[in-house]
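Okay, so chain A shows up in both of these, paired with chain B first and chain C after.
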Partner chain A sequence: MSPIISDIIKIIIWPPLWQLIVLGLLLPLGVVVFIIWFERKTAARVQRRIGPYHVSPRIAGGLQLVADLMRYMFQEIIIPKTVDVAPFIMAPLIALILSILPVVAMPFTSNASYFPIGMRYSLIVALALITLSPIFVIVAGWASNNKFSLIGGMREAYLITAYELIVMVSFLSASAATGSFDLVKIVEAQAGGKWLGLLNPLALLAALIGVLLSTSGFPFEIPESEHEVVAGAYTEYSGLVYGINMGAAYLKRMVYSILIALVFLGGWRPYTPGPGFVSGYLIPSIVVFIKATILMMIFSFLRAVYGRYRLDQALDIAWKYIFPLAVAGFGLSLALAYLGIY
Partner chain B sequence: MPVEFAEKTVPPGRGIFKRFKGNIEAIAIGVKYFFDPKRSTLIYPKEYIKLRENYRGFIVLNAKKCINCGSCARICPAAAMKLIRRPYTDPKTGKTRMKLWPVINYNRCIFCGYCVDVCPTEALHHVNYHDVVFDNMEEMDQTLESFQQAPEHPTAKEGIPVRYIIDEEKGLVKVRVEGGEQ
Partner chain C sequence: MSGIVRGNVGFNDLKIPGMWSRKIGKDLYEVFIGPQHPGSGHMRIIIRIDGDIIVEAEPDMGYVHRTMEKLSEGRAWIKAIPLFERMAIHDACNVTLPYVRAVEKLLGIEAPLRAKYLRVLLCEINRIAAFLYGFGIFGVFLGHSTMYMWPFGDREVWVELAEWLTGARLTHTYPVFGGVRRDVPEGFTDSLRKAIRYMRRRLEDYRKIFVDNPVIRARLEDVGVIPRNLAIELGITGPNLRASGVRYDVRKNHPYEVYDELDFEIPVFQEGDAYARVHQRVQEILQSLRILEQVADWLDKHPREPVMHERFWKTAPPLYKKIFQETGRVKLGAVMAIMKIPQGKAYERGETARGEISYYVESDGGNKPYRIRIHSASARNALVYKYIVPGHRVMDLPAIYGSIDYFPPEADR
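Coming up: the complex of A and B.
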């Protein structure tokens, strides 16, 4: 093999780059395309319909998503005269980048040579990076100069006050139980079937509902509710930029799912990473991705069952019921640590 | 009479356990339907609903029964039916003279069926389908010749005629019925 090709391969599998581009962008995009198809088919199944069908009947309408993607790619991008152009264009792009950036802080293996960035506080860094992107949804709504966009952005701002604390407390209960902010140590502590989600279901439930609130999943699809505000903060967008907006929301949910899989569902744990690229990096990351995909499927299944809460109902539920649940989960984690299970 | 004010009372909220139970029940029903789907979608070009004989579909003229009274054109609320002047040869006497014949413009027709109701000799009748394809707008303005023939029904050539019935256990069910050309 010539040295140039081996150098290129070394650059491609350099952990930070591989993690951001392949595990943060390309693989989640594939999962997202599958999840959108699954969401439509599941909602149709439960609601006595068939769902996407005519584009490719033999594989249950699987090519419909590719057709939709092509349509978004080649649609004209309309920028209205009244918008503030620079934030209007930049906000969805920055939101997309900030949605996938937390992946860099998440280790997918216990093999230290394949950590993207080795650090002792990776859980806190990942959570901090995740919480940045809603600001740019509000910026997009403000820059659109449209009443629906503004109302959508403000609804997002209201919801931040509802979910931020729930997500933080429920994820940090893992640190309370295991005594570490390092995701590798948290995953390794769950070895042997001691999954935190099984021993502490309260924190897992609070984290799931917090993620649904944060990514406007279905019972809480409040900032983009079609019947009230046309598409929320994304009303004025069209074409590929609108696709980036929608993709950023799904990618954010995917990143949250990966974090839940790492913190509560044992990460790569049925499998023990060995040396080398394949057994030390590729297979553990695939195990984590399978867990995250199953979580995404559960999230999208809720679309078929639930209607939408009002904004005040969502805030009411979040503060009256889910936040005490998260605090109870934190207490349960302290009890687990006191009993010496971890 | 003075207005009586009714005091609006807010019903007491459900407790946390009832709320939790309601959510679990909703998800359980969703899971049940997910694993045992009961679909009732009509896959349209491959299946079509066989409509009843009295359905108010497209309108056909039987020129042999028509007495040229013009009632259909007069009653038409959308002014879709109009009268045109065409020569007519009486079979008994052999004389040829001009008469007024009804033709319809489907650009305007609202399928109310007044013309069929008002016709004194039942020269107009409905066909029981409504999914007909026209290539352009000029074709929708019928001539006297095309108005006397039933329009072509393309879905009947390709599709399976079905009808919805309400089953006591399964709910809305599609049943195949007789008819259609396939």
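Coming up: the complex of A and C.
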């Protein structure tokens, strides 16, 4: 092998780059395409329809999403005269980047040579990066200069106040239990089937609902609620930029799912990472992705069952029931730590 | 909800003769919901919001006005039936039946008993289909996509039955002056009973996924309360009126066709909120199924007879009678198109899926109507937005809109 090719391969599998591009963007995008297909198919199944079919009948309409993506790519991007152009274009792009950026703080293996960025506070950093993207939804709504966009952006702002604390407290209950902010240590502490989600279901439930609130999944699909605010903050968007907006929401949910898989569902366990790229990096990350995909499937199934709550009811539920639940989960984690389970 | 503001909020401050004026509110955000909006029908609701609370709401109708009353003056009497069907195409028989009955009144004839039963049959099929349509729209307004697809799919059962009976899925033009266009096909009542059983089963499924769903209950309970006196004051009709505790149904209070011979009840709910209106419609469907069962029994027990008035058979060529005996289909001759209706005035009313519809028909003895005045249910029901929406949150608007089951083409005519 010539040195140039091996250098290129080294650069590609350089953990931070590999993590952001492959595990942060490409693989989640593939999972998202699958999840959207799955969502449409399960909803169709529940609703006694066929769902996507005509684009590729042999694989049950699996290429429908690719076709939709093509349509978004070649659709004219209309930028209304009244919008503030720079934030209007930049907001979805920054939101997309910020949606996948938390992945660089999440290790997918215990093999130290494949840590994206080795650090002791990876859980805190990942959570901090996740909370940045909603700001740009609000920016998009404001820059659109449209009443529905503005109301949609404001709803997002309301909901941040509801879910942010829940997400933080419920995820940090893992630190309370294991005594570490390092995701690797949190995962390794769950070895041998001691999944935090099983021992502390309260925190897991609070985290799941917090993620639903955060990514506007049903029954909390409020900022984009079609029948009041058309498409919420994305009303004025069209073409690829609209597609990026929608993709960013799903990617964010995927990143959250990965984090839940790491923190509550034992990460790459029961697999024990060995040396080398394949057994030390590839297989553990696939295990994590499978767990995250199952979570995504659960999230998408809710669409077929629930309507959406009212904005004030969502805030009500979040503060009156889910936040105490998250705090109780935190307390349970402290109890687990006191009993010396971790 | 406690904060319902009644009356003309902010509209009384300035009075200009002949003008409708409004004081501009400070800190109010004006949002135009419709007519190009996924949450509005062919209408517009202008809402002014303070934060998340709607302070004023103005229903702005008229986007699908087709001058039906005027159009009907320029065409033959029978051709007005397909025209009036366009008010509510999925409720076609209910909407046109009072017109047919009013003209029959002027002619001084009455349809044969079998035709009356057949009219009731299609009326109830239409009613169920219209309720299911309303449920579907309501479901998607609340973000419940399953409740959008299920009723629309189950509505197909009734639409197919109507097609089998009349030949058309929606605009049937089934009742005509003196009777109906077709007798029931062979095996129709068996399929009807099957559909009734199926619908009862499906209503149980709806209850599980929609009516008893905690999210839906949270969205609908105590939302959009129409108090009993307001409902009477505004002249609201139909299921919305009955959900507010008023026992009024044209089928019972002013029975027409064979409704007085059939055994059914008028469900009434006292709460008057959106959730009561959901229950009301479920109960109405159950009562319609009950009526249909009785009609099916009657049709099975009684022999076939001509489904048109004998005056029609006198004027029709013998061939027409032969065609009817062979196929069960009434062939309408040219005589129907040039028919002159005796001079006079007639008023008839009927109960559609959305409430009471009434026709005032005036004839000058010609072959075209002199004047037809229609008063439809949706036009009355739409007024309610102005009075019950203020005080609610923005997200309550689709819930209230859907629960009223407002149908703009019927209101605008």
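Structure notes:
The criterion applied here is as follows: the second predicted complex is superposed on the first by the 342 of 342 C-alpha atoms of A that agree within 3 Å, B and C clash if a C-alpha of one lies under 4 Å from a C-alpha of the other, contacts with A are read in each partner's own complex, and residues count from 1 in each chain.
The working rule: a contact is a pair of C-beta atoms (placed from the backbone, for glycine too) under 8 Å apart; a residue touches a chain by one contact, two chains touch by 3 or more.
In this text, all values refer to a predicted model and were calculated from it rather than measured experimentally.
Clashing of chain B with chain C is the outcome of superposition onto chain A.
Looking at the shared chain after the overlay, A:Val230 reaches chain C, while chain B stays out of its contact range. After overlaying the two complexes on the shared chain, residue contacts for A:Thr42 are found with chain B alone; chain C is out of touch. Shared-chain residue A:Gln313: touches chain C; no touch with chain B. In the superposition on chain A, A:Tyr321 makes contact with chain B only, not with chain C. By the touch criterion defined above, A:Phe301 reaches chain B but does not reach chain C.
Residue contacts after overlaying the shared chain place A:Ile222 against chain C, while chain B stays out of touching range. Residue contacts after overlaying the shared chain place A:Tyr53 against chain B, while chain C stays out of touching range. Applying the stated contact rule after C-alpha superposition, one finds that A:Pro273 touches neither chain B nor chain C.
The larger set of touched chain A residues comes from C, when the choice is between chain B and chain C. Common to the chain B-facing and chain C-facing surfaces of chain A are residues 46-49, 304-306.
Residues of chain C touching chain A in their complex: 29, 31, 33, 37-39, 52, 139-150, 153, 209, 213, 215-216, 218-219, 393-398. Remark: chain A residues 43, 46-49, 147-148, 151, 218-219, 221-222, 225-230, 303-313 touch chain C in the complex. Contact residues on chain B toward chain A in their complex (touch as defined above): 16, 19, 26-27, 29-30, 33-34, 37-41, 43, 171-172. Note for the complex: chain A touches chain B at residues 42, 45-50, 53, 301-302, 304-306, 321.
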